[in-house]
Structures are given as C-alpha cells and as structure tokens.
Amino acid sequence: MRVIGRRLLLYVVTAWVAITVNFVIPRLMPGNPIQTMIGKLTNQVTPQEIQAIRSAFGVGLSQNWWTQYWHYLGQLVHGNLGVSITLSTPVTTVLGSAIPWTVGLIGIATLVSFVLGTVSGALLGWTRGSHLDNLIPVATFFQAVPYFFLGTVAFLVFSNHLGWFPGQGAYSLSLTPGLHWSYIASVIRYGELPAFTIILSSIAGWMLGMRNMMITTVGEDYVLMAVAKGLPRRRVIWHAARNAVLPSIANLSLAIGLVVSGALLVELVFNYPGVGDLLFHAVANEDYPLIQGIFLVITLCVLAANFLADLVYFALDPRTRTPAVV
Amino acid sequence: MNVLEVRDFSVEYGLEEAAVHAVRHVDLDVPRSSVLGIAGESGSGKSTLVYGFTRLLRWPGVVAGGSAVLRVLDEDGTESEFDLLAASERELRSIRWSEISIVLQSALSALNPVRRIAKEFDEVLRVHSSGLDRSARRARAVELLDMVGLDEDRLDRFPHELSGGQRQRIMIALALALDPQLVIMDEPTTALDVVTQREIVDQLFELRQRLGFAMIFITHDLSLLVELANEIVVMYAGEIVERASAEEIYAAPRHPYTLGLINSFPPMHGERCELVGLPGAPSDLAHLPTGCSFHPRCAWAMEVCKTASPKAQPVGDTGRLVACWLHDGIHEVPVELRRSVPQRQPL
Amino acid sequence: MKRLRLPRSPKVLVGLVIEFCFLILTVIGPWVAPYNPSYNGFLQNLPPSSKHWLGTTALGEDIFSQLLNGARATIVVAVVAGLVATLIAVVVGVSAGYLGGRADDGLSMLSNVFLAIPGLPLLIVLDSYLPQADRSNSLILGLVIALTGWAWGARVLRAQTMSLRNRDFVEASRIIGESRTRIMAVEIAPNLLPILASSLLFTILYSIGAYVTLAYIGLTSTSVWNWGTMMFWAQANNAPLVNQWWWFVPPGVCIALVGAGLALINFGIDEFINPRLREAGLTSKVLRRSGLSRQVRLGVTPVLRATSSPRRISRALQAGAQR
C-alpha cells in the first residue's frame, strides 16, 4: 500500500505543479496580455466572471501574489476555471461538451492500439526470422511520421480520393444528436478514420517495446522451463507475454502523454469537436483562460489515466506487494 | 539396458562460417536407474551437450550431427525407441517432463516470479495427467513437497518469498512430479552454500534410491559426483577426455585435465598439500589450438599433442576411456596418472 | 574501453545514410535552393514542373526552395533542444542515481512530475505566452522544447547509474578514495555512453515532432522557414481539400524520413546494449541456405544433420502425440 501512496503523492504534486504553472506564467510575462483581452469581453459576461479572470491572471489587483494564489486555488476547488474570452462562456461549460468526444476517441483508439501492438509484439518476439519481421521497419517509419501529417494524408487518400470515409466532423450534420441508432452509427462512422490514424501512429511504440521485452523474456530460464515441461506452445507464449507486458504498462505514463498530444492534432486535422480542436482555436485567438483551462483538465485526465495504469501494474506484479525474503 | 544413447553428437553455435563448435563427436550412455556425472569447467560444453540432445538449446545453437535416442519403458514392460533429433515439436512435448525432466541451476530465475508455487505443480500435472481433478493434483503436490522435506504451506508462496535451498528443493520435487525415467540436473547446487549443497545432494541420493530414476548430474565440482555418480564423464572444449566409474576418476585419474580438476578441490582430511590447480584459462571455442585442445595447459604435453588430436581409447580392462596420447601404449605414463584404485576390504 | 565496432546491421546503415544526407542538406540547403523561399511573385498554385520542381504555394512562392531552406531550422532547433534536454537529463539522472537518499528522492520527484505532465499541452501553454519576437529565436524555442522533453532521459540514466553504482569497479574506486565527482565523471559516465546516445537520439526525435507541431499550430514565427510552417500554410489554404499534395506531402515525408533514420540508428544501439536482440546471422536467406525451416522457436533446436536410426514409437507415446 505504501507504493500506491507514493504514486498518489506524485500525482498530487504534479497536479499542484500544473496549477502553479498556470498561475505563475501569465504573471511572469511582460505587458500582461490579459488586460487588453478583458476589454474585448462582451456584455454577456457577469461581473463575477470578470473578477474571476482578473484574479486568475492577476490583472489590476492590489493584493500580493500569495493572497491571489489562495484565491485562485479556492476558485479551482469550486470548479471555476474562468471564462473563455472568445466564446464568452465559462470554460467548464465549453470543456464539458468537448471532453466526451476526446475521451471516446482517444480511449478507444489507445485501447485498440495497445492490444494489437502488444499481441503482435509478443508474436514477433517469440518467432525470429519469420515474414512478420518485415513489419518492424514499416512500423518504425510510421512511428516517426507526425500525427497531423499522417492524418492529413489519410484524409486525402481515404476520404477525398477514395471516398471510403466521411471527411470532417464527428457525425453527419444532417442528423440530430440523440440516443438513436442512426446517430450512433454516424458517430462510429465518422470516428473511424481519426481513430485509424491514431492507431497507426501509436502502434509501433507498443509493438517494438513488447517485441524487445519479449525477446529478453524468452531468454529467461522460466520460459525454458515452461517449454521443458512440455506445455503447449500457446501456454508458453502466454507465460512469457504476461511477464513481458509489465514494462509496457509501466511506461504507460510517457505513452499516454504522447498519444494524447498526437490525438489532439488528429482532431485538428479532422475537425473533430474535441478538446484538441478547442485548444488550437484558443491558441489562434489568444484565448488564455481557455488555453490554461484545457491544459489543466488534460493534465488531470492524463494523471488519472496514469494512476489507473499503476493500479493495473500493481495487480499484475506480485513482487510489488510482498517483500522479498532474501 | 540404457535409457539414453547418444552417438557422435555435435553442436554448433551460429551458421556457416560463423559457426563455433561447442560440442564435438560425443558418445554417451546412461544405463537405467544409474547416475551419470558430467564434469568440466565453464565453456567445456557440458550444458550445451545436454540442452542439445533434449532440443532445448537456444538460438543460435543448432545440432550439427549424430544421434540421440531415448529408450522409453512402458507400463507393460515393452521398450521403444524415441529419436530425439527427428521428433517433431508435438512428439517432443509428449515425452517432455513425463519421461525427461530437468532441474536448472538457478531456481529463482527458473520459477515464474509472478506465480505461486502451487500453480507450477498444478499446471504440469494438469497438462500431462488429464485424469486428476483439482484436489487430487493438490494432494500430489503436497506429497512431492513432503518427499523433499518441505511443508505444504510453501505451496502458496511466491518464489521470491523462499530461500535458495527451498527453491531448489521445489525444483527437484517438480522434476519428479510425473515419475520421469531420466532427470537432468544442470549444476543444481552451484548457487547454494556448502551446507545446503550437502543437504540437497543427500536428498537426491535418497530419492534416487527410492524412486529409481536415472540421473545426469552436471557440475564443475568433481567432489560432489564421487558419492553420487556411478559413472563420470569429463569434458573439455566440447569433447569427452575421460570416462570411467566415479571411483576410478577420483582415486585413479588418467587424463591430465581430470587430475587438474581433482586437485582443484582439496580434501578436507589428510595431509596439507600445495594447491596445484590448472594453469591457464579454458580454450576459446572459436579459436581452438591445433591437435589436442588441452595441450597448452598440460604439464606433460609432447610434440604429437600439438599436431594430432587424440581419440578416446579404452585403457585397462574396466571399460574406461581416455583421450590422451600419454596412454597410447608407446609413451611413458607419469606417476600421477597411473595410480590404481584402492581395493575395498571385503566385509 | 570497448572497441568501436562498425555497425553491420543494414537497418543501422540505412539510418546513418539518411541522417548524413539530411545533415548535408542542413548546411547547403539555402545555397542550393533555386529561388528565395519568401519571394511570392510567381504564379499561384502551380503544379510541379521543370521550373518549379514542387510547384508553387497559394501565395506564389516556390515550394522546393522552401523545402530546402526548411531543413536548416527544423534540424538545428531539434538538435539544440535534444542536446540541452540530454544535458539536463544527465545532470539530474546521474546525480539522482549516484547520490541516492534525499537528493535522489527530490530529483526523482522532479523528473516524474515533468514526465507525467503531457508534453504538448505544456509546450503550448509556455509557447503561447512567449512574445512574438522571441518566437523566431531558435535558441529560445529549443530551450522551451528541451524543458518539456528531458524527463524520460533522466529516468533512464538514473536507472542505469544505479545499477552501475553497485558494480565492483565503482566500489573499488570508492575504497581507494576517489572523489564523488571524479567517480561520476571517470568511472560511470563512459559506461553510460550507449544509453546516453540512445537517449539523445530519442530526444532529438521528440524535439523534431514538438517543433514541427508548434509550427503547424502557428506558434512559431512565420518568418523562419521550417517544414512545419510549410504544412501550416498548406493547411490554412486548404491544400488537402483541393488535392494539392505537392505542397504538404514533401515536408511531411522529410520529417518522417529524418525521424525514421533516427529510429533505425536507435535500433542498432538497442541491439548493442542488449545482445539478445542481435540477429546472430539470422536472416531468412541464411536460414534457407542451411536447409532450416523459416522460423526458429524455443524448444525445437534445429537439427542440421543427423544420423537417423530406426524408431518404433510405443502405442502410448503415439497416443500422447495425437493430443
């Protein structure tokens, strides 16, 4: 349990760092850009919301930084992330409609990519010198391709040219959202190409990592034992893979960060109404409250996913739970 | 009657030009219920030999020639031959563990770290003896642990929670789970302290008396083999240099290398003597010397040793084999290499 | 000191050749380009021709010249960022690994925090606050990118240092009385070189991606030509929708090639670090020549030649084999 406690502490500290970065950065920049922005706000924004922005960014406040900091933290606790300057709506509202799309897309794509990548990596590591080995340079190449480039090419070839997939957006605009089959089918249809792009870009990492670890694991004595025992081939591969997959899960934190970053770009290419799309428009319009809000939410989600991965790792590896005798 | 016959067996690492000859033209017989010891330094090829004929050798190891036949005795007493080199993967699986089992050197790395001990037993019993149900399998596991002197509660532990000696006993119990005809032990006591070593060897001795399986015991420590083995084979640079009964090897070695090995482990009793050991280092298998592989380190090397490689020849009338030019009948045999076996007093 | 072995693996050689070509391009690119990349007097949206090998943009600039010029900024920033990030990683990682105790706890916490925060969003936040003027400064951009990319290398180096610290030769130096800094610099550092090289390449790979992404979003100055900016303009002018592939595909392919080259070299370093990964003459050609089946699996050691003997398999064994 101590180990879980340490990981939790790490995530809490990281969240705190992210929050503090959000607080400190605007105050470090010369000629506070927020000042001019507040002037651009429309009348739909309440005075409290303006006040919230002011305190979040330290504009025109007389208190010292410490007091501002506590105010800022207090607001965060209340779920107040400020107001989007370009959209004149609270950041939380804007995010609320975008997050489900991103979580759905990234979640499913990452799961598929992880499973496919680890399974193929395990098989590659088990059999040497087979045709499958040719997959490695191919996968390496795709790993080096930037997500947005792959997305653009995929869009060009599969959507524009071949017309196999629909183009932009999350669902057909002729439909109204709701829990009926035509809508859900449309959502799935529109999500296929973005998901495919994410999977293609990220699968190489899982595959190569698993392959290398599998080769190392197959070199271990207990795998030789399993073979010497006369176990069926599938069982032996399972024994090896079950141990070889552990580092992949441990590396999930880095992987999730990269996949999320890439997925955001894919959203941009396909005009998918998720958090990525939102972020990039916010950047183009210098909508700082929105940028920071998105950064915070993304970070917290990634940390949560990391924590889940850690729990899975602890469940799979008993060495973390019981102390060694020798 | 032999349980295992190996003839002219060779193993190489790597293919074509890069090939290293790790085992060269080895002949081996293991009679039923007997113990064969294989002794030699690291790099002598003793483990490679055994993994080679059981087809467990890792890439880039390949079998380069010879034959290896397992003689299996059925319940009804009929004997049949099993060609280990021609067998398919499926055929190999049918005899693995049920007829041949293996005990590896380091039990810590040989046991799956994320599984409890009970699962290891359960799995091997389930795969091979489909007739047993869960409780029967558990009972058998308890029985096996008891045979090696361990309590039932060890079954529910993970490997890293047990001591080295306990782990090794579990490996032995596991190896005997299906009542195999041949058990191969690859340096099973090397990683243990001397006291535990003693216990394990005694345990093995007793188990073999009781159950009657044949055993191949690989080690670099000849002294362990003296009590345990019926016959000992000494290997150097992939070849057999001497083969004789345990007594003969220990008391009356004929090959200079065997003498060197024995002298490396001084006896606990008797007069104090100067430690001689073996000068030099084991040959690099990729660059073997011409003629006899041992001649650079041999105190009695002659001209012929540098050019011609000696074949294993019978020496004396007890059926022992020695591969050394000193015993070709022409040259004078040094005093150290012509001791005679002390006669045992009749009771 | 280990002997330096020339890499024999074809993967590594291909990677090295690719990187070498691009390195040359970085240096001579602007000189070799046929036109000024920013000159916009040509006819717009021309397809590839002998005058304009990659056609022209929607603003009338020559794409091929942009591509050649773009190599320099892209690669220079990536290399700078990679070097700075690796430097930080070495300082943090090796110190944490060697010093242990409270220092290790603190430094590990620092690296883990930076590892957990997703890179791109952090990069965006930091970069969006940069004044416009600084965005054209390669050095500053490189620093910002390095700030988000050092943590992985630090963790890897820390693990390696910790395993080296417990090795005998380091222990011996300590007993003799060498100072801590000297031990770190003279005993430990040389043994870290392979992992360090791998980490450096990986970080440069990451930096290229980060820089190009920033450019694609529009967070870098548009006055400096790089491959990401080219794709930014292509996207802004709807090049994909109108099938103007010659505008955005070449820069993307260049990025991918540079990245793939680095990954291939990394492969070689991986095999050097972990000998089990080496193929040991295992190509399908060699296997086929030796008469072995295509695949080599554990538990079925290949038999090149054997003296066959007649075999009678008992009924029980035959039944067992059918299972």
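By letter and in written order, the chains are A, B and C; residue numbering begins at 1 in each of them.
Please note the rule applied: a contact is a pair of C-beta atoms (placed from the backbone, for glycine too) under 8 Å apart; a residue touches a chain by one contact, two chains touch by 3 or more.
Quick caveat, the model's predicted, so the values are computed rather than measured.
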| item | value |
| --- | --- |
| Farthest chain relative to chain A (centres taken as mean CA coordinates) | B |
| Pair exhibiting more inter-chain C-beta contacts, A-C or B-C | A-C |
| Rounded Å distance, chain A centre to chain B centre (Cα mean) | 54 |
| Chain centre separation (chain A, chain C; CA means) in Å | 21 |
| Separation of mean Cα positions, chain C and chain B [Å, integer] | 48 |
| Sites on chain A at which at least two other chains make contact | 128, 219, 224, 227-228, 233 |
| Residue list for chain B, restricted to those that touch at least two other chains | 56, 58-59, 89, 92, 94-95, 98 |
| Junction residues of chain C - those touching two or more other chains | 282, 287, 296-299 |
| Chain B contact footprint on chain C (complex, rising order) | 280-282, 286-287, 289-290, 292, 296-317, 320-321, 323 |
| Partner chain C, residues of chain A touching it in the complex | 10-11, 13-14, 17-18, 21-22, 25-26, 28-30, 33, 126-131, 137, 140-141, 143-146, 148-149, 152-153, 155-156, 160-161, 212, 215-216, 218-219, 223-224, 227-228, 233, 236, 253-254, 256-258, 260-261, 264-265, 268-269, 279-280, 283-284, 286, 288, 291-292, 294-295, 298-299, 302-303, 306 |
| Of chain B, residues touching chain C in the complex | 7-8, 12, 14-16, 18, 51-52, 55-67, 69, 72, 74-75, 78, 80-83, 85-86, 89-92, 94-95, 98 |
| Residues of chain A that touch chain B when the two form their complex | 128, 219-222, 224-233, 235, 239, 242-243, 316-319, 322, 324-326 |
| Of all residues in chain B, those that touch chain A in their complex | 54, 56, 58-59, 89, 92-98, 101-102, 104, 106, 109-114, 123-124, 127-128, 158, 160-164 |
